[in-house]
Structure formats: C-alpha cells, structure tokens
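There are structures below to look over.
Across the two complexes that follow, subunit A remains constant while its partner is subunit B and subsequently subunit C.
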Partner chain A sequence: MNMINIKINNNDYQVKPGLTILEAAQEHGIKIPTLCHYPDLKINSDCRICSIEVKGKKNLLTACSTPVVEGMEIKTHSTKVLNARKTITELILTNHETNCTQCARNMNCELQSLSNQLGIDENRFEYRLVSQPKDTFNPSITRNPDLCIKCGRCIDVCKDVQDLTVLENFGRSHEVLVVPKYGKYLSDEDCTLCGQCSSVCPVAAITENDETEKVWTALNDESKHVIVQVAPSVRVSMGEEFGAEAGQAWTGQIVTALRYLGFDQVFDTDFTADLTILEEGNELLHRVHNGGTLPMMTSCCPGWVNFMEIEYPEMLDHLSTSKSPQQMFGAIAKTYYAQLKGLDPKDIYVVSVMPCTAKKYEAKREEMQSNEGIFDVDVVLTARELGKMVRQMGIDFLTLEEQEFDNPFGITTGAAAIFGATGGVMEAALRTVYEVVNEKPLEDLNFKSVRGMEGIKEAEVELKGLGKVKVAVAHTLKNARKVVEQMKAGESPYAFIEIMACPGGCIGGGGQPYNTTNAKREKRIEATYNVDEAMILRKSHENPYVHKLYEDFLVKPLGEKSHQYLHTHYKARN
Partner chain B sequence: MLEKKLLTKRVGIVNPLSIDDYIKQDGYKQFKKALKMERISIIEEVEKSKLRGRAGAGFPAAIKMMAFAKEEAEHKYMICNADEGEPGNFKDRYLMENDPHSVLEGMLITAYATRATKAYIYIRGEYNKALSIMKWAVDEAKEKGFIGKNILGSDYDFDMEVRSGAGAYVVGEEFALIESIEGKSGRTRVKPPFPTEKGLFGYPTLINNVETFCNYPVIIEIGGKAFAKIGTASSTGTKLISLSGNVNQKGVYEIPFGVTIREVIETLGKGVPENRKIKMIQLGGACGPIIPEYMLDMKIDFDRFEDFESKTGAGAIIVMDERVDVFEVLHRIVNFFGHESCGRCTPCREGHPQLEILVKRFLNHEATSKDLLSLESLARVMHQTSLCGLGQSSPISIISTLGYFRDEYHDRIEFVGKV
Partner chain C sequence: MPLQEILEKYPKTGDHLIEVLLEYQNTKMNHYLTEEELKQIAKYLNVTESRVSSVVSFYTFFSLEPKGQHVIQICHDVPCYVNDQPSLVKTIKNLLSIDVGQTTEDKLFTLEYTSCLGACDKAPAMRIGEKTFTDLTPNKVKAIISEYRGKRHA
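Now for the complex of A and B:
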C-alpha cells in the first residue's frame, strides 16, 4: 500500500490513505477531541469540536470528516484551534442545564470531560436555556431535553442501526429540538425501548429510568426477602463500568458485590436461561410435529417483542410463547421458591440486573404476574445502575474476591452463558434439540456459523425424522425487519429464528456500560464463549437443578404448570 | 456607456410569455448550434471563456462542468439554483421574469454538453411571478420539442421540472437545496462527497445559478476567446448588479467586470437622494462585508472581493447613507441569519443568539470592552468553523465593521466613570 506523507504539528508521519485526519492522528497517539462523533455511527461533523487547521485552508476543517491528502500539514492544537474549540464548547454550555453535580452523568459525561480538558473556567456567553418538560412517561427511558446538545447520535442509532425513526430533529435555528416523531413523549406505541439512544448519548439527555432508590429501600426493609438475578451478558461487561478493559468475565466479583449490597440470595439468570431452552426447544418440536406456526421466533428479547407488537401485529403467532429467562426467574421465584422457603410471595422482592432498558418494560407487562396483583420481577436495574449502587456502597469492584451464586438457582450451563451473545440462544437450543430428537450426543457443540457480529447468520442441522432443518439468527432491528419481511413474503426457508434487538445481542444492550462500541462488543462476545468453554456442563438439558425443578414442581416442559407460569401471550399495540 | 447588455439584451424587448417571440429574436439558435458541436468542444469553449459561477463563490464553471460530464450514471441531474434568498439580490428574478427562455437555453446547452438526464429549476418560495413564468416557459419549450425525447432529432433525451421552495434561506446552499428537492427539510450535508459525485437522490448533480446558465448561449454565440476579452483578467464577461438601499435609481444593471462600485452607484444609480453622503455599502447581500465610502473606487472583480473572505460575488450593492447606524444594520443581519440557521452545527445554532445579545449591547450603548473581545472572538470562530456558507458568512458583516468602523464600537463601550 502506498502510504501518504503528512505533517501533524510539524512532525512527519506516514499514514494509510483513506483515513480521516481524526483516525490518522489517533494512530499516532494524537488525540483530537470529539463530541458528536461516535464509532460505528455515521459522521455528521455537526458539533465542530474536532476542528483543526490545515495549511492553505482559510477556514478550519473537521478532523472527523476530512480525509488525509498527500502533503497535508495539520495543526491539531494551535491557539486558533484551541480558541475555536473553547468557544464552541462555551456555546454548547449556554444551552445546556449545567447542574453538573446533580446529574446522572456527573464524572461520566463527555461534555463535562471536554469542558475540563479545554480548561473552561468561565463562560463568556449568556446562559439562555429555555426549559422543556422532562419525558418520564414510559417504564424504561427518561429524556431530559434541557441536557440535550443536539449531537444527533440518538437519531442516528435509532435510524441507521435499528431502522426506526422514533427520534428526529424538530424545528430549526437555536430552537431546534430532538423529539419523538409521533408525539411529545416516548411511548410503547412507537418506541421499542431498546435504549440504544441512552447508550450513545454523550450527556444525560437520555438515560434509563433510575430505580436504584427502590432497591435501596427494599434492601433496608426487614420484612422483605430480597433476591437478585444476574443476566448472562452483564458478567462480561461489568468491569468496564469501573474502568477495566473489555473482554473479561466478572461473574464472581458481581456475586460478591451483590452480597455486599445486602441481597439475601444472589441467583443466576443463566439458570432460567437453561429452563427457557427446555420450554422453547420443546415448543419448537411441538410446533413442527403439530403443524404450528413456523418459523418460530425467539421471544427472550423484549425490544424485539415490542418491535413485533408495534410493527407486525399480524405476525405475533411466530413468537415463541415461552417467557424470557428474566420473567421465568421471577415466576419461579414467586411460586416454587416461595413454597420451598415457606415465604409469602408478597414478601419476596425480585431484582434483576440486566443489560437492557426494555427489560424494565417487560417486567411491568400485566401478564407478568404469577400471583394476582404481584409482579414476578419487582425492579430491573441496568448494568449501569448496578455500577452506580456499587460506587455508592464504596466497593472497589475490580479487586473483589470471587464468590459463587446461591442455589437452587446457581448451577448453570455453558448453553445459558452464551444467551448474551447474538446467536447464543440458537446455539443453546440446537445443542438441546439435537440431542433430544436424535437421541445421541452432539459431536461438536460449537455452532460457529451462528456466532459473531455478522447481521444475519444461518445454520443447518440434521434432525431425525425432519431431515435438514434451517435456522437463522439476526441482531439489530434493522436486520430483524429484513428477516420478518422475508417471512411476510412467504420466502423464509427457516424453522427457527433468533432475534436480538441490539447490535451483538445483549452484550451490546442499551443498558450496558457507556462507550459500548462494536470493537468492545466483539471482545465481550469472545469473553462469553470463554465462559462457555470453561463450564463443565454445556447443554441446558444437563442442568441437574432444572431437572429437579421439573421433578418437584413443573412436572414436564409445556405441562400445565409451565403454561401457567412460564408461557405468555402477545398483543397488538396501538 | 457603462452597461454592457449580453445577458439582458432581450429584457424589455422580448415577450417573456412567448417562445415564438424569443425564437424570432434568435432564441434557441445557440442551443441548435451547440447540438451540432462535439460535446467536449462546448466544454472547451466554456474553459476558454474563463467563466466563473455567478452564485457568489466564483468557482470556475468549466471545472465543475467537466467533473460532472465525466460521471457515468443512470441518472445525471442538473439543478438551476433560483432560490435567490440573499437579501439585496434580485438579479435572478429579473432574468427569469423578463427572459425565461434564455435561462432554459443556457440549461439545455449545459445539459447536452454533460449528458444530463433531467434538470430541476428550484425557485424561491416567494417568487410567485417568476415561478409562473418559468413553468409557462418550460411547458412551451416542451411543446416545441426543446425539452423531451430525441430533442430536435439529436437522439438526446432531457427532462425538466420546476420546483419551488418554502422560503427558507439556507436552501440556497446546494446540499440543503438537494435535501429540499428530495422532500426533506433543508439541512446541509457533510462534504465530500460533492454534489457532482453524489448529489440529488444519490446521483451526480450539477448545480448552477440562474445567471451562470444565462452565460452559456453568449459563450456559444461569440466563442470562449471573445468572451474572455470582456471584463478583467480574473473575472471575465459581465455581471448583473442588484443595486439597492439609499440610491436614486435602484435596479438591476449589467456591467462588464472592472467597473468600479462608485461608477455603479453614481452613474447608474444616479447617486444618493438629497445628496446625502454615503457612509458604507454592503457587498453581495446580507452575508457580505460592510465597507466604508473610501473604498468605493474598488473594481468589481471576483479576486478583489475574495479579499474579504466572503462570497460577495453575487453582485449585490446595498448603499447606506450617513443617517444609518451600523449596529442597527448588524442587529437586523444577525437576527435574520439566526432565524434562518438550520440548527445543525453548533457554531451557527448556538452562536447566533449570542451574537444577537452582544450586538444589542452595542446598539443600546451598554457594551463593555469585554463584550468587544467576546464578539470579535465569536464572530471569527463562527466564520472559521461553521458547517455551511450560512454560518461562515453571516458574521462577515461584523468582522468587516470591526475593521473599518472600529471607532464606532469603541464609542459604544461604557467605560467605568464615563458621564
């Protein structure tokens, strides 16, 4: 490859052609600050923070959008450039609620860091924020327009990653606002609540609904038996919340931290992920043998379920009726576990730690009550909210000793562990369905064709009496739509389809630690499969405690109790 | 004779609503001539003519034309930018209302030379009369076979459509205009890619101003070489000047480049009413620099205008006499652009309200010396960092007056202890 010669701040560099100035500088350790720019999203160059000086150009250029050219002479931190960045940041701050110490993103805010980096200790311009009402009317996400800096990331992630246009720019000039397209507030009638917008927001303009206070209250309530479940994908991201590199599992530290916070029992959602596989796998076989609606589609992702209920209400029959692992856990906790412990379900308080904002909505669905008037899951925390509680408690997370989950919901399999990555539910299901149908052990457990960040993946499996069965896996709602449209056109060759609303699956969820990028998603996926490899049990149907649950309580998959507690139904919205 | 009527020779003579009248006066003759020429030699004539775009920036027309001609695509669009939204400019309206077919003829020559497949004429929302006339003219040209399939037996197909905006200033900017034609709200895009590579609906697009198009029949008629002899070395041909403000005879005048501003005001505009003194003039429109009276002997020329770091080449001259308060003018300009900003990039969106606040302090004699520094810094940063021409050029009036009328700023500063 012919390298390009450029000068940055009077030093000579050779860089690859096709790079932007921002990328070229970064490769050589020169950090140009950005604000609207986000890896994996399109380049808008709206904020103008990355302005740089190029010799021969009268105006400053934006590093994020300008490609390097042979002989280019760039100044990234000249007085002219620094003054421009400072001025632009001051301008942003004139129209942003600057109550930094009373903000959810205090010490974790890109605008605050930028302001600090530029040394802004005074704003020369007049504060002129016109306050707008907060949007707090859905169970998952809060929008505070007073904090919005109009960077456009939320609009782009919604449109370009999810192929939805829930958020858009409204108005023009200094009155421009980012607003929900179909009304004043975000609602479950148009928004899937996937929370990707909250994950890319550089400030606290879009956040998950903070429910940590409820959990503290429950933990301090002597009359409550407070238990917690931890989603598979949270264990491979939690360290990042405290500054660790992506790509490691933090299972033991999470368990310890939750015990320190005061939970009575610390359980694993992986357990009910195994349970989900038994119910969903048997549901698939039942549909295949009894002429049920095919392809069957997974339903453990609430963002995806919301998408179907909103956009394709005529196709809800395709969704598996099996509840998600989170909801199966809640149901079992307030029935079987209550009996086991001799507790009144009213006194059991179930907290979930999820990578997801839509899970908050799922827990509040009216169908999710195994005992009338009592929700199976009381509070859902995102990974970020758990991070907040751990910090509030003064726990040094990264140096914690590793402890193990409590039983009876602590023994799990590798199949459950991979639920968090795109393709994981499919792979787990195939491991079980193959062995149940073919009545022989699977030689190679690893279905590598359904792993990884490719948008739509396929696999084929030989099943006794059915021949070669095709399955598909898709992640992001943009890819989900493609798969559904194919079904709608009657051209779907698949029997079973796994869909996750977020890029990379739950490991890339809207409730994961900030600064999630595709590069980090890849690392979390890698960590996920490492967890699987290290497990002794790697197939859901081998989980001894799941067997015990069926023996003691449920009787059999798809049985009467399963229908009562582990299956649900869907409804058209709007 | 100061005026030189090449583009406006038929104005007042030809009936704008009659294509027959236009043809009778040698109309479409140059298009027919072009159809018999090699495509490349048409572009070569334009190159020889040294024609520069008349929208303001003065980009060499042949370079843009050549880049567009080289693009291979299923659709190749042309846009005639008739969104003349810059306050103080009305020369495109003048051409469209008085000689619409000369615009179409220029477009047809360009289209043929570059193998464009379809053109949109995007007319400013407020220009009702021009809109009706242009629509009428396009229909007439279609009936006569100048637009459509197999034009005049040349085996060349070309379609044309007239569109109108909703009156947003920013839509004059080429990408905002493209967004508007695509049915979106008028917001600019990041360059590159440039419109000639990826423009309207993702296809190569050539955008020219009305006046630019009107030059092509002249170039075909007299040849590029002869055209280049008119005007000055760096700015060839004639320029339509929109003269307004405190002058006796406001209007559109066509002059060869090289005439001085003073000649235009005094000879063509017949001076200032009641012989008042000229205090300042604004060049190019509301986005242009404000210069003092002593600079009026400056020649009208692209390169000379470029010294002001502004796109002042559109040819507007707004005359302001001794009674005018600089800060009243600035306040109006800043408000105008603040309102017209699309709100996309930070400097323009958040900068305008602050400019307004600061200018108002000067207007009300309440400014401090700190305000002067803040205003100067802000105006320069907006000029240097805004995403499109609107935010880049709106502070030019402030930057130029900070240079030429700095005393007036100082006079408005409240010093401590001042009585």
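Now for the complex of A and C:
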C-alpha cells in the first residue's frame, strides 16, 4: 500500500490513505476531541469540536470527516484551534444544566472531560437554557433534555442500527431538542427500550433508570433474603467499568464483589439459560412434530419482544413461549427455591445484573408473577449500575480474588455461557436438539457459522426424521426486520431463528459499560467463547442441577409446572 | 379542500413534504396542523412521522397550535429594526393586548416575528397572510389592523 506523507504539529508521519485526519492522528497517539462523532455510527460533523487547522485553508476543518491528503500539514492544538474548541464548548454549556457533582455521569462524561481538557473555568456567554420536562414514564430509561447537547448520536443509533425513528430533532437553532416526535415521551412511542441510545449518549441526557438505591435498601433490610443473578454477557465486560481492556472474563471477581456488597446468595443466570434451552429446545421439537407455528423465534431478548409486539403484532405466534433466563430464574427463585429454603416468597428479594435496559421493563411485565402480587424479579441493575455500587462500596474490582457461584444455581455449562453473544442461543440449542433427536453425541460442538458480528447468519443441521433443517441468527433490529419481512412474504426457509436486539447480542447491550464499540464487541465475543471452551460441561442437557430441578420440582420439560412458571404469552400493542 | 384531495395531487414520495404541508395548512382557517393530519400525510408520502415532526418544528411558518385567523408577521431583521420597527411592535402589542408569539383571545390575530421580507428599501415592513405592507408607521399599522378586524370571515 502506498503510504501518504503528512505533517501533524510539525512532525512527519506516514499514514494509510483513506483515513480521516482524526483516525490518522489517533494512530500516532494524538488525541483530537470529538462529540458528535461515535465509532461505528455515521459521520455527521455537526458539532465542530474536532476542528483542526490545515495549512493553506482559511477555515478550520473537521478532523472526523476530512480525509488525509499527501503533503497535508495539520495543526491539532494551535491557539486558533483551541480558541474555537473553547468557544464551541462554552456555547454548549450555556444550554446545558451543568451540575456535575449531582449527575449520573460525574467523572464519566464526555462533556465534562472536554471542558476539563480545554481548561474552561468560566463562560463568556450568557446562560440560556429553557428547561424541558423530564421523561421518566417507562421502567427502563430516563431522558433529561436539559442535559442534552444535541450531538445526534442517539438519533443515528436508533435509526441506522435499530431501524426505528423514535428520536428526532424538534425545533431549530439553539432551541432544537432531541426528543420523540412532537416532544412526546418514550412510553408514547414505538420505543423498544433497548437502550442503545443511552449507551452512545456522551452525557447523562439518556440513562437507565437508576435503581441502585432500592438494592441498597434491600441489602440493609434484615427481613429480606436478598439473592442476585448475573447474566452471561456481564462477565465479559465488567472489567471495562473499571478501566480494564476489553476481552477478558471477570466471573470470579463479580461473584466476590457481590458477596462484599452483602448479597445472601450469588447465583448464575447461566443456570436458567441451560433451563431455557431444555424448554425452548423441546418447544421447537413439539412445534415441528405437531404442526405448530414455524419458524419459531427466540424470545429471551425483551428489546426484540417489544419490537414484535409493537411492529408485528400479527406474528406473535412465532415467538417461543419460553421465558427468558432472567425470568425463569425469578420464577424458580420464588417457587422451588423458596420451598427448598422454607422461605415465604415475599421475603425473597431477587436482583438481576444485566447488560440491558429492556430487562428492567421485562421484569415489570404483569405476567411475571409466579405468586400473585409478587414480581419474580424485584430489581434489574445494568452492568453500569453494578459498577456504580462497587465504586460506592470502595471495592478495588480489578484486584479482587475469584470466588465461585453458590449452589443450587451455580453449576452451569458452556452452552449457557455463550447466550450473551449473537448466535449463542442458537448454538446452545443446536447442541442439545441435535443430541436429543439423533440420540448420539455431536462430533463438533462448535457451530462457527452462527458466530461473529455478521448481521444475518445461517446454519444447517441434520436431524433424524426431519432431514436437513435450516436455522438463522440475526442481531440488531434492522436485521431482525429483514428476517421478519422475509417470513411475512412467505419466503423464510428456516425452522428456528434467533434474534437479539443489540449489535453483537447482549455483549453489546444497552446497559453495558460506556464506550462500547464494535471493536470491543468482537473482543467480548472472543472472551465469551473462551469461557465456553474452558468449561467441563458444554451442553445444557448435561447440567446435573437442571436434571435435579426437573426431578425435584418441574417433572419434565413442557410439563404442567413448566407451563405455569416457565412459559409466557405476548400481547399486541398500539 | 379536504386533506385526501390535496394529497392525491402529489406523488407518494417525501420530496413534496413541505409543499403538501404548506398547501394544506393554508386551507385551514387557524393555520395549523394536527398530529392526526400529519400522520395521514406521513403515511401517504411514505415518510416517518418523526421526520414530519422534525420538519414542521424546524420551519417557523408551520404551526402545531391554532393561530389567529390573521397572522401578523413583523420583520425582525436589521434594516427594519433600525427604521423604528420596535415602535410598531409596541403599537400592535398594546392594540391587541398580546405579546409576540401569542394569539388574541378571539382567535382573530397572531403576532410573530419573521426574517427579511425582501422590502428593506421600504422598511419597516410586515406581512399579513399573503399581503406585504411597507413604509409603516404606528398610525398606518393601526389603520391596517382595524381594517382586518372587519374582515372576520364567517
């Protein structure tokens, strides 16, 4: 490749052609600040905070959108540049409810660090914020328009990744707002609560509903038996909350941290992921043999279930009736586990740690009560909220020793571990369905064709009596829509389809640590399959404690108890 | 003209969104568009409702709330401003007992600022509906407004 010669701040560099100035500078360790720009999203170049000087150009150019050209001489931090950045930042601050010490993003905010980096200690412009109502009407996400800096990232992620248009500009010039249409609330709209907008927001204008206070209260309530479950995808991201590189598993440290926080028992959602595979796998076979609705589609992602209920209410029969691992855990905790421990279900407090904002909504669905008037899952925390609690407790997460989950919901399999990555639920299901139907062990457990970041993936398995069966996997709602439209047109060749709403699946969920990018998603996926490889048991039907649960309580997959506690239904909305 | 009739004059693409919105809003006595109407327009032109919401909110000539039958738009650009525009504004405010951006209780008049009307050589200028008035003085404005008071359509 012919390299391009450029000068940055009077030093000579050779860079690859086709890079933007921003990328070229980054490769050489020179950091140009950005606001509207976010990796993997389209380049809008609205905010101009990445302004730089190029020799021979009268006006400042935007580094995020200008490609490098042979011989270019760039100044990234000249006085002219710094003054422009300062002015822009001060103007943004005139329209921002600056209250850093009482803000969810304190010490973790792009505007705060920008202001700090530029050394802004006063504002030359007059404050002109016109306060707008907060949006606090759904169980998952809060919007505070007074903090919004109109970078447009949330609009783009909703539109270009999720193929929804929930958020848009409203109004003009400095009075513009980024809101649902006509200034409405998310709960009035076709919002799936996936939280991708909250994950790309540079400030605290869109955040998960903070429920950490409720958990502290429960932990300090002597009358409550407080237990916690940890989703598979959180263990491959949690270290990033505390500054570690992406790509490692932090399972043992999470368990230890949760014990330090005071949970009575620390359990693994992976256990009920195995249980989900047994129910869902058997449901699939039941549908195949009894002329049930096909293709069957997974239903463990509430962002996706919301999407179906809102956008395709006529096709809800395709969704598996099996509850998600989170909700199966809650149901088992407040029935079987309550009996086992001799506890009243109302004294058991179930907390989930999830990669997800939609899971907060899922837990509050009224069907999710195995005992009338008692929700199976009491509170759902995102990975970020757990990070907050760990910091509040003063725990040095990265240096913690590694401990093991408690039993009976601590022994799990590699099949469950991969639930967090796109394709993982499918692969786990195939490992079990293959062996159950063909009555012989799988030679190669690894269904590599359904792994990875490609948008829509396919696989084929040979099943006794059924021949070759085709399955598909899609992630992001944009890809999900393609798959559903294909079904609607009667052209779907698949028997079983896995969908996860977030890019990369839950490992890229809307509640994961900030600064999630596709590059980090790839690393988390890698870490996920490493966890799987390292497990002794790698197939859900081999989990001995799941067998015991059937023997002691559930009797058999799709049995009467399963129907009562582990299966659910969906309802058309709008 | 009913909305459906207007829509059918246009091809079903978003290219004509602004024209459709303008044409339809002009047929409405109170110069505004409702969410229901915008939904119908979005559907016909095959654009998202949030796109329509964003366009309607961007241009000051669209309104989501009922306006007066006569919308008085006073030029707020420099040439008019230095030619005594502030006293015109004051006169109208007193006469109608409303502020800029408001509508009279009888829903007859709305007072708004507008950017340049292209009559800088005859500043100050204002527009009511399709008609532009120039070389204004407080007295001329009073006369014009009382004339419009008589023009209330049935």
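Keep in mind that, in the parts below, the second predicted complex is superposed on the first by the 570 of 574 C-alpha atoms of A that agree within 3 Å, B and C clash if a C-alpha of one lies under 4 Å from a C-alpha of the other, contacts with A are read in each partner's own complex, and residues count from 1 in each chain.
We adopt the following convention: a residue touches a chain if its C-beta (ideal position, glycine included) is under 8 Å from a C-beta of that chain, and two chains touch if they have at least 3 such contacts.
These figures come from a predicted structure and were not determined experimentally.
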Ask   = Is A:Ile43 in contact with subunit B, with subunit C, with both, or with neither (first, second, both, neither)?
value = first
Ask   = Thinking of the overlay built on chain A, is A:Ala358 touched by subunit B (first), by subunit C (second), by both, or by neither?
value = neither
Inquiry  = Tell me the contact category for A:Lys181 with respect to subunit B and subunit C: first, second, both or neither.
reply    = second
Task = Based on the superposed arrangement, let me know which partner A:Lys150 touches: subunit B (first), subunit C (second), both, or neither?
result = first
Message = Looking at A:Val473, would you say it contacts subunit B, subunit C, both, or neither? Reply first, second, both or neither.
response = neither
Inquiry  = Tell me the contact category for A:Lys58 with respect to subunit B and subunit C: first, second, both or neither.
reply    = first
Request  = May I ask you to name which of subunit B and subunit C touches more residues of subunit A?
outcome  = B
Ask   = Where does A:Asn169 make contact in the superposed view: on subunit B (first), on subunit C (second), on both, or on neither?
value = both
Ask   = Residues on subunit A in contact with subunit B in one complex and with subunit C in the other?
value = 169, 171-172
Ask   = Which bits of subunit B are touching subunit A when the two form their complex?
value = 168, 170, 185, 187, 190, 192, 309, 338-347, 349-354, 357, 370, 374, 377-378, 381, 383-387, 392
Request  = State the interface residues of subunit C toward subunit A in the complex, per the touch definition above.
outcome  = 35, 48-54, 57-60, 64
Subunit A residues touching subunit B - in the complex, by the definition given at the top = 43-49, 51, 58-60, 65, 67, 80, 83-84, 87-88, 91-92, 94-95, 124-126, 128, 150, 169, 171-176
Ask   = For subunit A, which residues count as touching subunit C in their complex?
value = 165-172, 180-182
